[in-house]
Amino acid sequence: MRTLAEHTLGELAALVGGSVEGDPTLLITGVASLEDAQPGEITFVAEPKYLLTLKTAKASAVILDRVMPADRPAIRVDQPYRAFATVLTSFYPSPRPPASIGTPVALGERVHLGHEVVLLPFVTLGDDVTIGDRVVLYPGVFVGPGSSIGDDSVLYANVTIYERVAIGRQVIIHAGAVIGADGFGYVPGPDGQHLKIPQVGGVRIEDDVEIGANTCIDRATLGATLIRRGTKIDNLVHIAHNVEVGEDNLLLAQVGISGSCHLGTHVTLAGQVGMVDHVHIGDHATVIAQAGIVKDVEPRAIMAGSVAMPHRIWRRVQAATPRLPELLRTVAALERRIAALEANQTHAMNETEHG
Amino acid sequence: MRTLAEHTLGELAALVGGSVEGDPTLLITGVASLEDAQPGEITFVAEPKYLLTLKTAKASAVILDRVMPADRPAIRVDQPYRAFATVLTSFYPSPRPPASIGTPVALGERVHLGHEVVLLPFVTLGDDVTIGDRVVLYPGVFVGPGSSIGDDSVLYANVTIYERVAIGRQVIIHAGAVIGADGFGYVPGPDGQHLKIPQVGGVRIEDDVEIGANTCIDRATLGATLIRRGTKIDNLVHIAHNVEVGEDNLLLAQVGISGSCHLGTHVTLAGQVGMVDHVHIGDHATVIAQAGIVKDVEPRAIMAGSVAMPHRIWRRVQAATPRLPELLRTVAALERRIAALEANQTHAMNETEHG
Amino acid sequence: MRTLAEHTLGELAALVGGSVEGDPTLLITGVASLEDAQPGEITFVAEPKYLLTLKTAKASAVILDRVMPADRPAIRVDQPYRAFATVLTSFYPSPRPPASIGTPVALGERVHLGHEVVLLPFVTLGDDVTIGDRVVLYPGVFVGPGSSIGDDSVLYANVTIYERVAIGRQVIIHAGAVIGADGFGYVPGPDGQHLKIPQVGGVRIEDDVEIGANTCIDRATLGATLIRRGTKIDNLVHIAHNVEVGEDNLLLAQVGISGSCHLGTHVTLAGQVGMVDHVHIGDHATVIAQAGIVKDVEPRAIMAGSVAMPHRIWRRVQAATPRLPELLRTVAALERRIAALEANQTHAMNETEHG
C-alpha cells in the first residue's frame, strides 16, 4: 500500500512526544519493519536484540528508546512500539468512505441517522434504529429494530446486529460478527424434548470496543450481556448470554465463554480458552491458551491447563508429564526391589531368631 | 424491553397448569429474575437455595414448586423453571415481522412461496426453491437451487443455505450460519497435491432444530448429512460431511464433529468438544467441555478429557495431576532409600555370613 | 441429486487411465457408495476390508485396484479412491450459474471484470477491484477497494474480502469466510488502555487454495499474510496477521494459528489445533487434533497433546495417564513399606550391634 502522506522527522517526533537525533527536516516517506524498510522510510527497534538487524536496515531513520545506540537519524521516546503505532496511523489514516447513503438500502420506520453517516449498499436498518454521527456501515450489515450504534463506530460487511442491542462510540465490529442472537437456553419438556426459553434481554457494547470477524455475542435471557469500555475481542470468539466482560480485556481468537460468567478489568484470555458457566475472573488475571476455567480465578492470577491450575504448578506438571510412562516403570521396579528387601529381611530375622 | 401483554395470576396459572395461592385476579405486568423483578411482576424460584433471595425480591408474585414456602401470591407447579419459560413466552411473543416480500429480493425460476411468508430485503432464492408457510427470511439470506424450508422456520440475517438442502418445520437458524458447504474431502494427487472429491450429497435438517450463529454444517460427499428432530446446536459449531446427529441432542458452542460420526438421541456435547471421524456416540451420553473423543462412546456414558476417558476416572486424574511433579521427587527419594536399604542389607548379610 | 450424464464403462476407464474387466459398452448411470449404489451405477472399493460389503452391493460395476478379486464388471486402477473422485466429477460437474451480472449489484470506480463473469445479486465491488475470467461471486459477497480475484475462482454467499487482498486462480472460498480483517494488534496506552496498531498490510492467497465456511484470515500489520498454492483450509479456522502457510497444507476445522507463524509445505494440522505466535512448523509435519504448539516443530515430526510433544511419547503418556491416581496410592504404600523396612533394619542392626 502506498502511503498517503509525507512528514519530516521533526514533525513525527512532535507527534509522538519524542526528541530528534539528527536533521529534523529529513523527509520521511513511509514506515516499515526493519527488514522491509526502504531508503526514505522510518523503522523502529522495540528491543535491544533487534539492534543487530538495524545495522543492515535500509531505513533512513529509526525510532529508539532513550538509551539504545543510534547509527542513523533517530527519534527517541520512552516506548518505541507505541510511538511506531502512532507513526503508522499518521502514514495510513483509516480509509473512510465518503459520507453517503448507498443504493439500494432498506430503512425501517423512525430510523434516526446522525451527521456524515456512510451507509453502503445492501444495508438494512429495522424500525426505531438510531445511527450516530460518522458511523460507517458496510454492505450486508443488518441492524435489528430498536438497536443503536454510537458515533464514529464502523461495522464491516455482513455484520448482523439483532434487535435491542446498544453499541457505543468508536466501536469496530469486523465482518460476519453476530451480536444479539438468542442465548442457548432450554428447559426439559415432558417428553425429554428441549423447550426454548425465550431470550428477551439485550446486549450492551460500551465505547472503544473492537470485535473480531465471525465472533458471536449472545443476547441475555433477561437483562443484558455486557462488554465494557476498551475491551478487544479477536475472531471466532463465543460469548454466551448474560456474560459481563469488564474494561480493557483482551479475548483472543476462538475463546468460548459460557453463560453468566463475569470477567473483571484487564483480564487476558489467550486463544481457545474455554470457561464453564457462572465463573468469575478477577481483575488483571491471565489465562494461557487452551486452558479450561471451571471455577473462580483470583485477581492477578495466571492460570493454565485443562482443567486450569496456577501457571507455576502447571509449568512443572507440563515438564513432568512426558516422564509419566517412565515413572510407572520405575515404580514397578521399586515395588519388586522392596518385595525382595522384605523377603530378605524376613529371612534374616528368621535367621537371627533361629540362629 | 417493555412487555406486550398483561395477564392475571389466574390466567398465568391456567397457562402453565398450576394452582393459584392468593388472589387469582391479581394483575401481572411482566416477568423478571429475582433480583430484577419490580412490583407488578412475577418471578420464580427453581431451587430452595434461592428462597432467601425471594424474601427481599420486589416481585408481586412468584412461581414455586409444590412444597416451597410462599411469602406472597404464588403459582404452584411441578417444574417452576419450565413454567417460567412458558410465562416468558406469554409476555414476550416472538417478534415476527408482518408478512411481506421486501424490495429488492432476487427470486429464481420455479420458486414456490407458502402463505404469509416474510422475505426481507436482499434475500436471494435460487431456482426450484420451496419456502413453507409463515417462514421468515431476514436480509442477506441465500437459499441455493433446489433447497426447501419447512413451515414456520426462521432464518436470521446473512444465513447461507447451499443447493439441495432440506430444512424442516419450526427450525430456527441464527445469523451467519452456513448449511451445505462442501465437506473437506481430498485424495492425494500424483504430485502430492490434494485433489478435491466432489461433494455431491445434501443436508437434511429435521423439525424443531435450532442452529446457532456462524455454525457450519457441511453437505455429504454422497447421501446426506443429517440433523434429527429437536436437536439444539449452539454458536460456532462445526459438523462435517456425512455426520448423523440424533434427536434431542445439545451441542454446545465451538464443538467440532469430524466426518461420518454418528450421535444417538439425547447426547450432550459440552463446549469445545472435538470428535475424530467415524465415531459413534450412544444414546444419552454426555461429554464434558474440551474433551476429545477418539473412539465409540457407550450409551449413558459420561466422558471427559483429551483424550477422553470415563468421567469418574478423569475426576481422579484431574485431582492427581497437579501432584505429578511432587510424585517424581518422592519416587526419586524412595529410590535412594531403597538403594540404602539394599546396601545395608547386603552389608548386614555379609556381616552375618562372616560374623 | 440426479446425475447429469451417462457414460459407458469403457469411457470411464479411459477417463481414469484404468483397464476394463467385462463389457466396455455397459452403460453407467451414476456413482454411489457401496451401501447406496443402485443397479446401473458404479461404486468403488479402496481397501480390501470392504470386499465383503461389495458382495451384497447392487452396483453394476466397481472400481478396484490391480489385485482385488472382482465379482462383476470392473475398472482396474492403481488408486481406486482417486479414480472414484474423478468419476464423481464426470457425473456431477460443478453447478456453475450462467455468465451474467445480477440485479442489483453495486460496482465502484475502475472495476475490471474478466470474461464470462457471474455476479449474482447483492454483490458489492469496491473501487479498483479486478475480477478474473469465469469468476463466480454469490449473493452478499463484498470485495473491498484494490482487491483482485484470479480466473475461475468461486466465492460463495456472504464472503467478505477486505481492501488490498490478492486472491489467485481456481480458489474456492466458502460462505461467510472473512479475508483481510484487521490483525489483533495493540500496544499498551498510558492508562492501561489498548491502543490499536493500524493493520496496513494485506493478504495473498495463491492458486488452488480452498477456504472453508466462516474461516477468518487476517491482514498483516505490515507486509502480507500469505497462503501458498494448493493449501486446503476447513471451516471456522483462524489465521492471524503475518502468518505464512506453505503449499499443499491441510488445516482442519477450528484450527487457530497465532501471529507470524510459519508453516512449511505439506503440513497437516488436525481439528482444533492451536499454535502460539512466531512458531515454525517444518515440511511434512503432522499435528494431532486439539494439540497446542508452543515451539518449533521439526520436518516430518508428528506432534500431539497440549502442550504438544512427539506423538510416540504422547501415546505412552495417554496410556499412562488414567493410571496416575493408582500410582499415587502405590507410591504412598511403597513409602510405608520402606519406612517399615528402615525401622526393622535399624532395629536389626541395633540387635546385631548390641546382640
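Read from first to last, the chains carry the letters A, B and C; within each, the first residue is number 1.
Quick note on the criterion: a contact is a pair of C-beta atoms (placed from the backbone, for glycine too) under 8 Å apart; a residue touches a chain by one contact, two chains touch by 3 or more.
In this text the structure is predicted, and so the values were computed from the model without any measurement.
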{"item": "Partner chains shared by chain A and chain B (touch criterion as defined above)", "value": "C"}
{"item": "Equivalent interface positions on chain B and chain C, same or different at half", "value": "different"}
{"item": "Intercentroid distance (Cα basis), chain C paired with chain B, Å", "value": "25"}
{"item": "Junction residues of chain A, two or more chains touched", "value": "104, 122, 140, 158, 176, 214, 236, 254, 272, 290, 306, 321, 324, 327, 331, 334, 338, 341, 345, 348, 352"}
{"item": "Sites on chain C touched by chain A in the complex", "value": "104, 106, 122, 124, 140, 142, 145, 158, 160, 162-164, 176, 178, 181-182, 184, 186-189, 192-198, 200-202, 214, 216, 218, 222-223, 236, 238, 240, 254, 256, 258, 272, 274, 276, 290, 292, 305-307, 309, 313, 316-317, 319-321, 323-324, 327, 330-331, 334, 337-338, 341, 344-345, 348, 351-352"}
{"item": "Touching residues (chain side chain B, partner chain A) in the complex", "value": "1, 32-33, 36, 79, 81-82, 84-86, 88-89, 91-92, 94-95, 102-104, 120-122, 138-140, 156-158, 172, 174-176, 208, 210, 212-214, 230, 232, 234-236, 248, 250, 252-254, 266, 271-272, 289-290, 306, 318, 321-322, 324-325, 327-328, 331, 334-335, 338, 341-342, 345, 348-349, 352"}
